[in-house]
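Each structure below appears as C-alpha cells.
Here come two complexes built around chain A, the first alongside chain B, the second alongside chain C.
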Partner chain A sequence: MSRYAHLHAPVGGPLWSRPFRILVVVFVFCALFFVYRFAAGLGASTALNDGYPWGIWIAFDVVVGTALGCGGYAVALLVYILNKGTYHPLVRPALLTSALGYTMASIAIHFDVGRPWLLYRIPLFPAHWNFNSALFEVALCVMTYVAVLWLELSPAFMEKWSQGPAGFLRRTSEKAAPIVDKAMPWLIALGLLLPTMHQSSLGTVMLLTGQKLHPLWNTPLLPLLFLVSCLGMGYAVVVFESALSSGILGRRRETPMLASLAGVMVPVLAVFTLVRFVDLGLRGRLGLLGTFDLYTGMFVLETVLFLAPAFMLLSPKARNDAGNLFRASMIMILAGSVYRLDAYIVAFRPGDRFSYFPSFAELMVTLGVVALEVILYVVIVKYFPILSAPGAEAPARTARA
Partner chain B sequence: MTAVTHHRDPLPWETEGVDRRDFVKVVTAAAVAVGIPFTAAEQMAEAAVAKKLKPSVVWLHFQECTGCTESLLRTSHPALSTLILDLVSLDYHETLLAAAGHQAEKCLEDTMKAHEGKYVLVIEGAIPVKEDGIYCKIGGRTALELANTVAAKAGAIIAIGSCASWGGIPSADPNPTGATGAPEVLKGKTVVTIPGCPANPYNLLGVVLQFATFGTLPALDELGRPKFAYGRTIHEHCPRRAHFDAGRFVQVFGDAGHREGWCLYKTGCKGPATHANCSVQHFGEVTDAWPIGIGHPCFGCTEKSLAFRAPLHSTVDIERPTPPDTYPPIAAPQGGISPLATGVAGALVGAGVAAGFMASRKMGAEPPAGGGPGGPEKEG
Partner chain C sequence: MSAVDRRTLLKGVAATGAVAATGISLPAHGRVAKAVPPDAVGLLYDTTLCIGCKACVVACREANDKKPDTRLSGGLWDMPADLNGQTKNVIKLYKDADSPERSYFKAQCLHCVDPACVGACMIGALQKREFGIVTYDPFFCSGCRYCQMVCPFEIPKFEWEKLAPKIVKCELCNHRLKEGKEPGCTEVCPRHAVVYGKREDLLAEAKRRIAENPKKYKGQKAGDPPKVYGETEGGGTQCLYLSHVPFEKLGLPDLSSEPVPHVAQTVQHGIYQGFVAPVALYAVLGAVVFRNRRKQDAASGETDGPAGGAE
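So, the complex of A and B:
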C-alpha cells in the first residue's frame, strides 16, 4: 500500500465549520434519545411489537447501513480481484465509508437487542456457536469485518502518526506498520470474503421467515439478490461520496474515474433486475404484479429505481456529466435502500393484528447514528490521509505491472 | 304355553376359562387405566400369570350405602367376574358372598388364618365409635372390633370411599354415631385411602394389582391417597377449563351457558379445591360419567372439608384466580403510528432527496472536471 501513500493527504482546514457545528447539535439532540432508549426500555421508546420485533434500527441502520458500507467491498473487488489499479485512489475513502458504516451498524444493533451487554459473548464463546443460524453468521461476520476494515485502513492512521511527535502513537505505528503491511494480503482476502458471506446471509435471514414474506420478495435467490444489490449500492456510495467530498470539501474532481466506475454499475443493475424477473417468471409469480396493492406498488417502484440509473449511465457522455452521475448514484442508493427496507419491513407480514411505523425516538436514534457517522468521517478525512491528494495522478498503468 | 328356550353362545370363561392372552390383556388394561406405566403393567400381568398369584381379598362393609361396591360391579375392563374370579381371590365380601350366616363368619376366619399377613383388607364404610361402636354390628361384633381384628393380620389395608377414608356422609353433622374413617380407628397402620362417593373402582384396582405383583403400595400423600390419582385437582384437567379461563360461567341451571356446557364454578363447583382424577378417568368407561360431565358441579366428595360440609352450591376459593402476568396475552398490545414520527420521517427523506438534487444541479452547472483542483471551498 505504501506505493500509493503519496496519493492521499489530509484535507486540513478548520474543523468547526458551520455545517459541522449544525451536525454536532443534531447529534447531541439525538443522543438524548440514546439515553432515553436505555432508560425507558424498548417498549416505551420504540413502536416494535410481537409481530414486528425488528424495526428501522435493523432494517435501516444494520441492513441498509452495511450495504452502504459495501463501498470498500465493491472497490476492493475491482482493484484486487479484477486488478483494476486505476481505481486505487478510491480504495481508502471507500474503506473509510465501509469502516464507519459497519461500525455504526454494530453500534445500532446495541440499541435494538434486548440484552446488549451480552453481545460481547458472541466471538468469545465458540463452544456455544450455532452453525445453523443465519443470524449468528451475520453477527460473527460483521464483528470480524469491522475489525478487518479498521486494520485495512490502519496504514492511513499510522502514516500520520509516524510523522507526528515522538510518543506512544509514533512508536506503536512504526512497529505495527510493517506487520500490517505483511498481513495486508490476508486482510484484503478476508475483507472480500466476509461481506460475501454476511451480505448474502442478510437475504437468508428473511428467506427463513417463509410465508410471512410477500411472494414477490420471497425467493430462494434472496441471498444472491442481497449480494448483488450491496455491490450496486457499494459502487454508488463511492461515486456519491467522492462527488460530495469534492463538492463540499473542495477536493479534486475525480469524474473520469467515477465515470468509468459508473460503467460497472450498469451491468450490476441489469443483472439484479433480470435475475428478479426471470426468477419470478420461472416460479410463476409474475401474475402477482397484476394485483394493484401496496406490494405491487413497492415492487414497481424498486424496479424503476433500479433501472433508472442504468439508463441514466448508459452512454459514456452521460457518465461524464458530474451532475447526472451524482443523481444516478443517489437513485441507485435509494433503490437498494428501498429494496432492503421492503424485504425487511414492508413485505414482511406477521399477521393482520400488527402494524409498524418507527416511533419518533427510533427515528431520532437512527438520525443520531447517521450524524455520528458523518461527524467521524469529516474529522478523519480532515486529519488523516484518506482522500486523494490534490494534483496527484493515479498510477493507472503501473498498478497493472 | 311352551317354555321359551333362551339360547346364546357361551362366554369364553364358561367353557374353557380365561386364557393367558386374555388375562394379560385385561390386567394391562386395568393397570394402564389408572396411570401405571405400560411396561410395569405388562410385568404385573406376567408375574400374576407366572406365580398363579391371586391376592386374597377380605372386604368389610360398615356404615355405608354400598355405592362403592355398586360402582365396582359396573367396571367392564376388567369385568367384575374377571376381577373376582381371576385377578383376585375375593374370599369375603358381604354383598357378593354366596355363603350366609355362620358359614360366612367361618369363611372370614379361614381366610384370615390361611393368608395371615398377606391378605388385602378393603374397608367400605365409616366405623361408628360412639358408645363403644354399638351402632354397627355384624355377627354380634361391632364394626370397631371387626376392623381392629381383621386389620391386625392384614398385609395391606385399603379404605375405599369417602366413608371409610374420613367418615363420609355418616359423619355429617351432628354425627350421632361418631362415624369415623378407618385411618383414625387404625392408628399406627398404613391405610391407603381411596375417597370418592363413590370411589372410582380403577383407583382401587391399581392399588390392588400393584400390591399383588410387587408387594408394594403406591406413593401416598399425607392423607393416605395414592398420588397417581389424587395428586392434582379436578380443575387442573377439567374439560370445561377453557370456559373458566375465558370467563364463560353457568349462572343458573338450565340457562344458555349451561346448555352450551360452560364452566359450573358459579353454581358451586368444588373442582378447584378437590383432589381427584375424575376429570381424566371417568366412571365405568362411560364417557362423561362423572358429575361435571353430566352438567352438575363437582361437590368435592374426596375432600373431608367439602363434601357433606360445604353447602352444595356455594363457591370455593381458587388458588390462582387469574393467570400470572408472566403469561403473554394472546393479542399483544401495540402502539399506533405517531403523526410526529411520520412527519419527521417524511421531512428527513424529503430533505435528503432535495439536498441531493440541489447538489447534483450545482455539480452539473460547474465546468466539467478535467483533473485540476475543482469545487470551491465551502467551509466557513
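So, the complex of A and C:
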C-alpha cells in the first residue's frame, strides 16, 4: 500500500453515460479508418507526399501529443525535485494523462511509418544505433518512457487489485507492490530524465532540416524551446484537465492548488518568449518580422498566444478565478500546439511544387486516437484510485471552490 | 569508437556549452566535417552538353529494374514528372518565362560527402559505403521518412502506393560497379553530358572546362562567377554539376560549405556523446528525489525508512 493512497479514490458511478456512449461511437467510426490505412496504404489514405513526408500523425499525434503528455513530467518536477508536496494530489491524474498521451503517440507512430512491423528492430540492433540521429534518441526514449510511466502509475492499479478477489491479479499485486515501492525513487528520476532528453530532441529533429525550416523557427536553441514549451503545456494540461473533470465528473474544484500551480506557468511562458526574441535579435533575424507573410503571421500569433496566458495569470486574484484559470490554460495549450505544428509543418518549406493538407482519413485516425485516449481515461478514473479523494485536500478551501 | 570520434565528442561538448551560453553561433570546429573518401566516385553533369534525349532515364530503369512511369501520359509512354517511388534519375527542363533561357537538368542523388540522410537514419538503413556511395538497406528501414525531411536536394523518394513501401534513391548503380561496369546513365549518354569517374578526376575536368570557357558557365545566382556545384556545397557532394544558367534556377539550393548536418549534430553530440550528461543528470535527479522523500518522511513522523510509493 503506498503512502499517499488515502489521497486518491475511484470516481465510481455508472460507466455508460451518454457522453461516454457518444465517445465510443466516435471511436468505432474512426477505427474504420485505422483499417483503411493498412488496407489501402499511405499513398491512398493520406495527403502525405515526397515533399511533406510528415503530416499531422507526426506533428500532432506525436509532437503535440507527447507535449500534452508532459503533465506528469511537469508536476513531478515540482513535487519531487522542488519538494512542493502541496501538489501531491495532482501527481496521479497527471501521470495518467502522461501514460495515456505517450501510449497513444506510440500507437500513432505505427500508423505513420511505412513499415511498422520493422520498428522492433530499433531496440534490437544496438550495433546499428545511430547516435547522430535525434529521431533515434526520441524513439528509444519514448519506448522506455511509456514503460516507466505505467510503472510509476502501477501502485494505483495494485492498490485496487490487492483488495479485489483472490486470483492472479491480487497475488501479483501483493508480490510486486513492495518491489515497485523500493524502485520508485529511481523510476521517478528516470521519469524526469527521459522527457528532458526526448522533448528537447524533438527540437533537434527539425534542426537537421536546415534551410528547409524557416529562419524564424530554425535556431540551435530549438531543443531548449521545445523543452520549455513542453513544461508550459504540461502544467496547462494539469490545470485544464482538473477543471474539466470537476465540471464533467461533478467533482469538487481544486482551484487554490491549481491557482498556485498556474503561478509557475508565468515564468515558463516568459522565458520561452524571451529566449526566442533574444536569440532572433542576436542572430540578426528580427528584421524578418518586417515582411508580412504567412510565416510572420504565424510567429506573431504564437507570440500572442504565449504571452496572453502569462498576463491573464499575473495577479494572484486572477489566478484564483476558476474561469480565468481554465481559459488561460486552454490558450497555453493552444500556444504550445501551434508552435509545434508550425515547427513541423507550416514553417517547413520543401519547395513550391509540394503542398500538404491532411486528408479526411488522416484527421479521422487522429480523432480516433484521441477518442481512445479519453475513453481509457474515463474507464481508469472510474475504477481505479487516480483522482483526489473527497476531503483529501487538507489546505484551506475558498468559499467558491 | 575511433580516436577521431572521441575528439569530435570532446569538441562537441565544449561547443554545446558555448551554444548554451551564447545561443548565437556555433564554433566552426564544433564537429569535424567528414572528408571526401579516398575512393570516392561520382558523376559530372554538364548542362551545356545535354540534349534532353532521356536515354539515361531509360537506362536507369533497366539497370535498376524500375517500371516506366506512365501516369502522366495516360499509360502510353514513360513520363515521370520528377524523381518518385519508381524513378531514380530524371531529366527536367528549365524554361525562363520571359527570355529564351532554357536548360536541361539531370536529377539524381548527389551522394553528399557528409549526408544529412545518413545522419538522420535511426539504425543505419542509409549508409555511406564503398566508393562513398550512399546506399539503402531496407532491412533496417521502418519507413519513417526522416531522410526525406532532411535532404536539401529532395532526393529520397517513397513508394507511397505500396503496402510494404521502401525508400527509393540513386545508389550510383553500385551493383553494376561491382561487375566492373559503369552506371546505366553514363553508359548510354550519347554526348557524354554525364560522365562517371573518380571524384577528384571529375572535379579537375570540371575546373578545366570552366578555365577553358569561363563565359560559358554560371555560378549560383545571375552575375556570380562560374563554379562547380558540389565542390563545397553542403560540405561537398560526389556528383558535380556545371551549368550555363544560374544553379538556383535549376533548383540547386544555395548551401554554404558547412555540412548540412553540422549544426544539428554539434548540438546533439554536445548533449549526448559519451552519455555523460544524461547519466550525471540521472544521478542528481535520483539523489534529490531520494533526499526529498526522506525529509518528507521525517516531517510526517514516519519511521519505515525512505522506501514507499511515489503516489
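Quick note on the criterion: the second predicted complex is superposed on the first by the 392 of 401 C-alpha atoms of A that agree within 3 Å, B and C clash if a C-alpha of one lies under 4 Å from a C-alpha of the other, contacts with A are read in each partner's own complex, and residues count from 1 in each chain.
Operating definition for what follows: contacts are C-beta pairs under 8 Å (C-beta built on N, C-alpha and C of every residue); 3 or more make two chains touch, one makes a residue touch a chain.
These figures come from a predicted structure and were not determined experimentally.
Superposition of the two complexes onto chain A shows a clash between chain B and chain C. In the superposition on chain A, contact of A:353 is made with both chain B and chain C. When the two structures are aligned on the shared chain, A:50 is found in touch with chain B and with chain C.
By the touch criterion defined above, A:155 lies against chain C but remains apart from chain B after alignment on the C-alpha atoms of chain A.
Once the two complexes are laid over each other on the shared chain, residue contacts for A:317 go to neither chain B nor chain C. In the superposition on chain A, contact is made by A:182 with chain C only, not with chain B. By the touch criterion defined above, A:278 reaches chain C but does not reach chain B.
Counting the residues of chain A touched by each of chain B and chain C gives the higher count for C. In the superposed model, A:244 makes contact with chain B only, not with chain C. Contact with chain C, but none with chain B, is seen for A:139 once the two complexes are overlaid on the shared chain.
In the superposed three-chain arrangement, chain C is struck by just one stretch of chain B from 60-68, 240-248 or 276-284, namely 240-248. Overlap of the chain B and chain C interfaces on chain A comprises residues 49-51, 353. Of all the residues in chain C, the ones that touch chain A in their complex are 19-20, 22-26, 82-85, 116, 119-124, 138-146, 148-150, 152, 154, 157-166, 251, 253, 255, 260-261, 263-269, 271-273, 278, 281-282, 285-286, 288-290, 292-293, 295-296, 302, 306-311. If you check the complex, the residues on chain A that touch chain C are 1-5, 7-8, 38, 41-44, 48-51, 53-54, 80-81, 83, 85, 91-92, 95, 112-116, 118-119, 121-122, 125, 128-137, 139, 152, 155-156, 177, 180-182, 184-190, 192-193, 196-197, 200-201, 204-205, 207-212, 219-221, 223-224, 275, 278-279, 282-283, 348, 350-351, 353.
Contact residues of chain A toward chain B in the complex are 13-14, 17-19, 47, 49-51, 243-244, 246-256, 320-324, 326-327, 330, 334, 353-355, 357-360, 362-364, 367, 390-391, 393.
Residues of chain B touching chain A in their complex: 328, 331-338, 340-342, 344-345, 348, 353, 356-357, 359-366, 368-369, 371-380.
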